[in-house]
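Okay, handing you the structure first.
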Amino acid sequence: MRLKNLSVIAFVMVLSALSLGNIFAYGVPFEMNLPDVFHNLFIFLDAVVLLYFLWQGILFKHSYVILFALVQMLLYGAVMLLSPSVVSSDILVDNISSVMYLVINIVGGIIIVFALEYIESETFTRVRKNSFIAMLFFFLAVMNFIVSTNNIEIFFLLFELTTLCSYVLIGYRGDELSKKNALQALWMNQIGGVAILMALIFSILQYDTIYFDVLITNSEPLYLLPIVFLVLAAFVKGASIPFENWLLGAMVAPTPVSAILHSATMVKIAPFLMLKLFPAMSGFVSLTVTLIGTFVFFSASLLALSKDYFKEILGLSTIALLGLMMALAAIGTPEAITACLVLIVFHAISKALLFLQAGILEKSFHLKYVDDIDGLVNRSPLVVFFIIIGFASLTLPPFGAFIAKFMAIESIAGEIHNNPLYVFALIFLALGSVFLTLLYFKVMTKLFAKEADNKSQYVKISKYYTIPSFLLLALLVIGVYISFEREFLSSLELVVPLLLIAVVPLLFATLLFQKADRVKEYNCGEKDEIQLSMYYFHMPRNVQLTISVLATLGMWILVLGVLL
Amino acid sequence: MYEKYRKKSPWILHYNAGSCNGCDIEILAALAPKYDLERFGVINTGNPKQSDIFLITGPVTLRSRERIVELYTQIPEPKVVVAVGSCSCTGGVFRDMYNVEDGVDRYIPVDVYIPGCAVSPELIIDGVVKGLDILEQKTKEMEKPFKLFQEATTKDGITSRRETPLRVGEDNEKN
Amino acid sequence: MRKIEVTLENVREEIQSFYEYNKWHFLTINGVALADNILEVQWIFSKYEAMDEVIIFFAHAKYADLIPSVADIIPSAIISQRELVDMFGVVVEGSEKGLYLDEDSLQAPLSGCRI
Amino acid sequence: MIEMLLILFAPLIGGLLYGFERIVRARMQNRQGPPLLQPFYDMYKLIDKQAFIVNPYHSILGIMHFVTLWIVVAFIILGQNLLYVIFLHLLSTIFIILAGFSVKSIYSHIGANRELLAMLAYEPILIMMAVGFFMLNGSFDISIIREKEASLFPLFLLFLAYLTVIPIKLKKSPFDATEAHQEIVGGVEIEFSGVFFEFLYMAKWLEYIFVYLLLFLFAGNNILLATALFLIVFLLLNLIDNATARIKMNHLIKIVLGVGITLGMCNLLGLSYV
Amino acid sequence: MIQSLIKAFTNLFKKPQTIDYPLTPIAKDKEYRGLIEYGEESCIYCLKCEKACPPGAILFVKTENPSANEKNKKALEYNYNPYLCIYCGECVRACPKPEEALWQSNKKPSVATKEDKVNDNWFVLERLKKES
Amino acid sequence: MSKKTINIPIGSQHIALLEPVRFKFECENEKIITVDSDVGFVHRGIERACTTKFKFDGIGYVVARVCGLCAITHSLSYTVAIEKLLGTEISVKAKYLRILLLELDRIHSHMLCLSHTCESAGFEAMFMRIMGDRELVMEIQELLTGNRIQFDYISIGGVNRDLSSEIAQKIRQNLYEVKQRALGYREEFTNNWSLSLKFKGIGALSLDDAYRFNAIGPLARASGLHVDVRNEINYLPFSEVGFVMQTHKAGDINARNLIRLDEIQNSIKMCENIVNGLPEGDIFTKPKGKPNGEALVRFEAPRGELMYYVKGNATAMLERVRIKTPTFSSIPAFSHIFVGEDYADVPAILASFDPCLSCTAK
């Protein structure tokens, strides 16, 4: 093992340990202020980043990028001119941040370990390979910072930095398509930046502050513009429909990038922001966000049904679940918040696991499309096992995602009394979760479809690939154990069925299988080969359009509603 | 101990091995209200794996022989094969034609032969009832189909596909 | 029943000029084994809504002759041609064997060299 | 104790119900029909048949389907959380779908596919139904729902929506496209035989119990109403089964989802205003 | 659909159309074309029936101990295979002495089992016939 | 991207088929793109046997076994062809009796097809209902001919049995009953919501395609093509007994069902006319001589035009018997109709063609 690898692994371990330590050590919120030097530094950095964006826009002649960079500069200038008077601490670590640390460092760390081997098999120069790993670490740092900050200005900077990271990483391969998608990600994410700046301006104008906690505690139900703009920023980062394209485009990047940026961690900024903001939401905002969130959940799952590129399916299902997380956060009952957190954690683990498998499929089997993966059982039972666990953990009990969905229904059901419009959220949720199940099983069954005769093609998979997967698996198990401890479901409800479902069939199997004879499948008495292929669902373009229009409409309603 | 239930729940599979449809529609008629085979617990499953009684009509054309054997082996033991109609018993009017093989029992062991052209639904019921008794006595031993293709043209020393067709009464006829 | 003699060479033109798809109904192609290894091939048509108007085009062929296909004029003739191939062992343009007969069946059962 | 016995005998009761239904169906079709105990004869016979397996996963998944379904029924009888019961039921369906996909048989695959699509149609309705009960009784617990007043009238539209689900689950016309004997020879069950088919066969009986137990929830603590509901629905179901053809999957989804969601939504909206 | 619903409902209370067949036997019409029966005494051994029979379900085969009928000069024995017969009645129409030597009864044939060797035994007869 | 189509086979053994035939549908999801069929499972070699194994006067019984469903049409066509060659003139009464049985056969065959179509559409109750009512027709057929399916009623020179007055009475009774029931089916086929989803607009054949693919029988008449051999022949007096051609426009399954229902009504009327106005006379004229020359005879079987070509050479053995059967000519049209339909509709579409492969492959 090379020194670099060792040090990377050690570093990841340290990070993980720290984040774990954080959860146990500091129970209470931790606050801190940064010296003024830093603030000046941040302003400088902001300027540099925005200029860089502008430069890139000019370089690649991309009008949106230029436009948004300019708009941001203008707005940022405006922010600089205003000087708020109410101050608070710059750094604030609360429980939610602690959970986010865990996700970012442990899951992100594992993905970096995976990336070590992945990037080795690419054809880049050594420097570029190393800088790739470095970029990932840089990104972890930004993420850690972003969940700790309480200052919206700093938040803006970090937000822009994540945009920068994704821009660089998506364009990492340097080909035509990567460049195009990177620019797309860039301009879309800049909309988020614009939204944050707007939020800043309104916040300063109305509440005279740039701090989250002050803003939230002081906000009046009648003047929620800053909150709404922050929410919009969250939607952009969460790649909610209609902003989903940048995340889907991001799939051209090396798989660890997809995993770390676009599924497991970065997009989690969106629900995180929501979690921060929910106390300030009025009934209207919370309802609208919930509706938009569940709508996104529903429609992204629907759209995913028509896809056959494995990573794209994963991406869309991420978008869907992010929608759900944001909706849950917006509801804001304790139950919903728990559900949201559980979902964040489990989703990160499961998606990371799945993305790692996507990477393995790509590297070891040269597969990208789900249509081609049939009979994988014979070639690598381990990968299939991981994929199945990954999907199962997103749908089935006893895994957290299931529990979260379960609790989501409960909390939305509880809200209907307050506002009947939550019925729609419920319907979206119900339909969406069925679509998602459909989606997962559509892919999963493909794995099962056995090609009986190519046993010989068994493929050995590198340890670097399997160990991270095993680690994630372990995390899943720990998660299940914790949710068990917390008694989300009674033990009768969980243990008995699990035991019975697992044991009884095996018992029968062992008793009966010795006596059983093997037969071929029924084929109308014929003997020829059967050609199987997957059912696929074609979404007409106008459905996609309608969905985008509806989602955009929802956001406009959000803004306009608050304005009125 | 379960044997006695076999005869109460015969599920059938029907295959037409080249018949003229006459017997097949009579099987349908036997399922219809007037004769209602379901009284005996018969279900027409259409799936060999869930069947007990194999109803075959037709004299077995060359193209259907493999299918018969294939379906036969897919029926789990104990099973009963019923040849429905004269042409599946012995070839009937098609006996000796070049593309048929004189009855189902050239290929698989037949337990019950139902004569008639076309068999009447009553006879089908008779045959199925007879088959049920046989089913009860059967063991779960595998019964092998006799032959697959043309490999052997003789069974029990008897040639089935004769080189020259037997023409009854042709010899002294000159009109 | 009217019989019109044609030759294998001109049968396609004859039928092409004669056949109007919404006036004439194509029945089938028939083969009759004549003596001396000659095969009479018949293309049979009847007229819609007319009393008993049947027209048979027929041509005499040797078994080795290539029989032209009329499938492009009459799409439903394909299956009759395949039958002809099976039953008489002749060659019809673009028609393969095996509609009814398997490899180990009696081949060309209706051909002239029978019994 | 009674509960335990009920759980234990649930499949048997389902079997009797199934046997009875076969007689009713036969009589509706003007014929005599099989004896009442026919399902049990079938069961004994199936035990005795030679066991065939296509591949081990397939058979195990079939058994898992049965076991899960039994647990579902047990949970309903024990009065557990309704939402959880619905999810577990989903799980049991998923097992059978996986089984369907695990063999290399086209009919099995189509059947499993259709099963997935059907799930899409009825699952939202079940969830909405559970939410309806929740809004009315303040809890998802079946034991609580059963102690409360009958909720048939406040939840009448949901009850109607649920009526569209029943034929799908019990594989009855017009919504039996998942089984569709004439098209796909039984769909997912096609490759099961002997003892293994027996599990599927008994799972069918449990499906009856499941459906009717959920139906009883509408009657709350009113046993008379429960009986009446059962009789009416049973009769209605069979009448409709005998008066309709099987409709296609896309129609099924459109009709069930469209009707079900509209009804359910109206019902929930109505409830929230009360 | 309404009509079907009503029909299904009223059928519930009607006596089913089903005939409980093995228990209540169905009387066959006297014109029913059932088994071919043979009166050995009246037969004149013209073998017309054998020739007329399309599937060859009647075979007159030489036997060691022929019947006492003096018309039976070639010592033939009448053999009839109801499992081959197609019940067309052509033999009876061909017979010069219908209703005495050969007639079509309205009895339905009986089902056979493996032990009866309906096919194999007939092959033996056919071979004998061909050899003679 | 990989291939997205699936191959769905139907047959040779399949529950929706009574006969061995094999279709392979290449489908996208469940939508059919191409069809491949194998129809040769039932080939027995009857045409050859008719010229080598049987003498001309017994062939009527053999060709009846080409198919059990329109056995009567087969023996009739053959017999008429031989009668043409022999120059036998049969009595008027025999002609009427022949039509009677022909039309009875059409009624029962159409009822079978309707019931089978319903069964294939998953409407078991309707299947049972029609099959139950069909027994009324089967009963009179058995009374008239002595057998339910293979009638063996027609012989060269006439028919084998006379129609007694009791049987005539029974026929009147039962047919009246069937007529009423058939009206009920019509109501069901037009008004049942689930059946209209299954049948209306499904499996349609346009008039132009009907012409192009030479469709025949109910299949063609449902598309509006005026083709019915009963209208084009004069060996039997169809128009005298009240034959009226039935046509429809839509060309879909529903139209085919309605055509069959209309034809049932028309056939019942014909049968009633025959039974009521049966002339006196012999039923059998003894034919003389041996067939010599060529004859081509067409008849309208329940499924469409049946053609016999018979060539004799003045001996007891014929030179050629050519059987062109309805389903055989329809196969190109069938394959054309399937394309673009849902696999879920295949059994019903197939049953609505009322295919009969036992005569297709002979």
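The letters A, B, C, D, E and F name the chains in turn, as written, and every chain counts its residues from 1.
We adopt the following convention: a contact is a pair of C-beta atoms (placed from the backbone, for glycine too) under 8 Å apart; a residue touches a chain by one contact, two chains touch by 3 or more.
Because the structure is predicted, anything quoted here is derived from the model rather than measured.
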| item | value |
| --- | --- |
| Those chains which touch chain D and also touch chain B | A, E, F |
| Taking each chain's C-alpha mean as its centre, the one farthest from chain A | E |
| Chain pair, B-F or B-C, that carries the greater number of C-beta contacts | B-F |
| Between chain A and chain B, centroid-to-centroid distance (C-alpha), Å | 63 |
| For chain C paired with chain D, centre-to-centre distance based on mean C-alpha positions, whole Å | 58 |
| Chain centre separation (chain C, chain F; CA means) in Å | 24 |
| Distance from the mean Cα position of chain F to that of chain E, given in whole angstrom | 28 |
| Multi-partner residues of chain C (each touching 2 or more other chains) | 100-101, 105-106, 109 |
| Contacts with two or more other chains, residues of chain E listed in rising order | 1, 4, 7-8, 16-18, 20, 54, 86-88 |
| Residue numbers of chain A (touch at least two other chains) | 519-520, 522-523, 525-526, 530, 532, 535 |
| Chain F-touching residues of chain C, taken from the complex the two chains share | 1, 21-22, 25-28, 30-33, 42, 44, 46, 48-54, 56, 74-76, 78-80, 83, 87, 98-101, 105-106, 109-110, 114-115 |
| Chain E residues within the chain F interface of the complex | 1-4, 7-8, 17, 29, 31-33, 52, 54, 86-90, 93 |
| Contact footprint of chain D on chain F as seen in their complex | 6-9, 14-16, 30, 118-126, 128-129, 132, 192-195, 197-198, 342-347 |
| Interfacial residue positions of chain F with respect to chain C in the complex | 39-40, 43, 45, 47-48, 51-52, 211-214, 216, 225-227, 231-234, 294, 296, 298, 305, 307, 309, 311, 319-320, 322, 324, 328-329, 331-333, 361 |
| Footprint of chain A on chain D - complex, ascending | 50-57, 59-61, 63-64, 67-68, 71, 75, 80-81, 83-84, 87-88, 90-91, 94, 97-98, 101-109, 112-113, 116-117, 119-120, 123-124, 127-128, 130-131, 134-135, 140, 185, 190-191, 193, 195-196, 261, 264-265, 268-269, 271-273 |
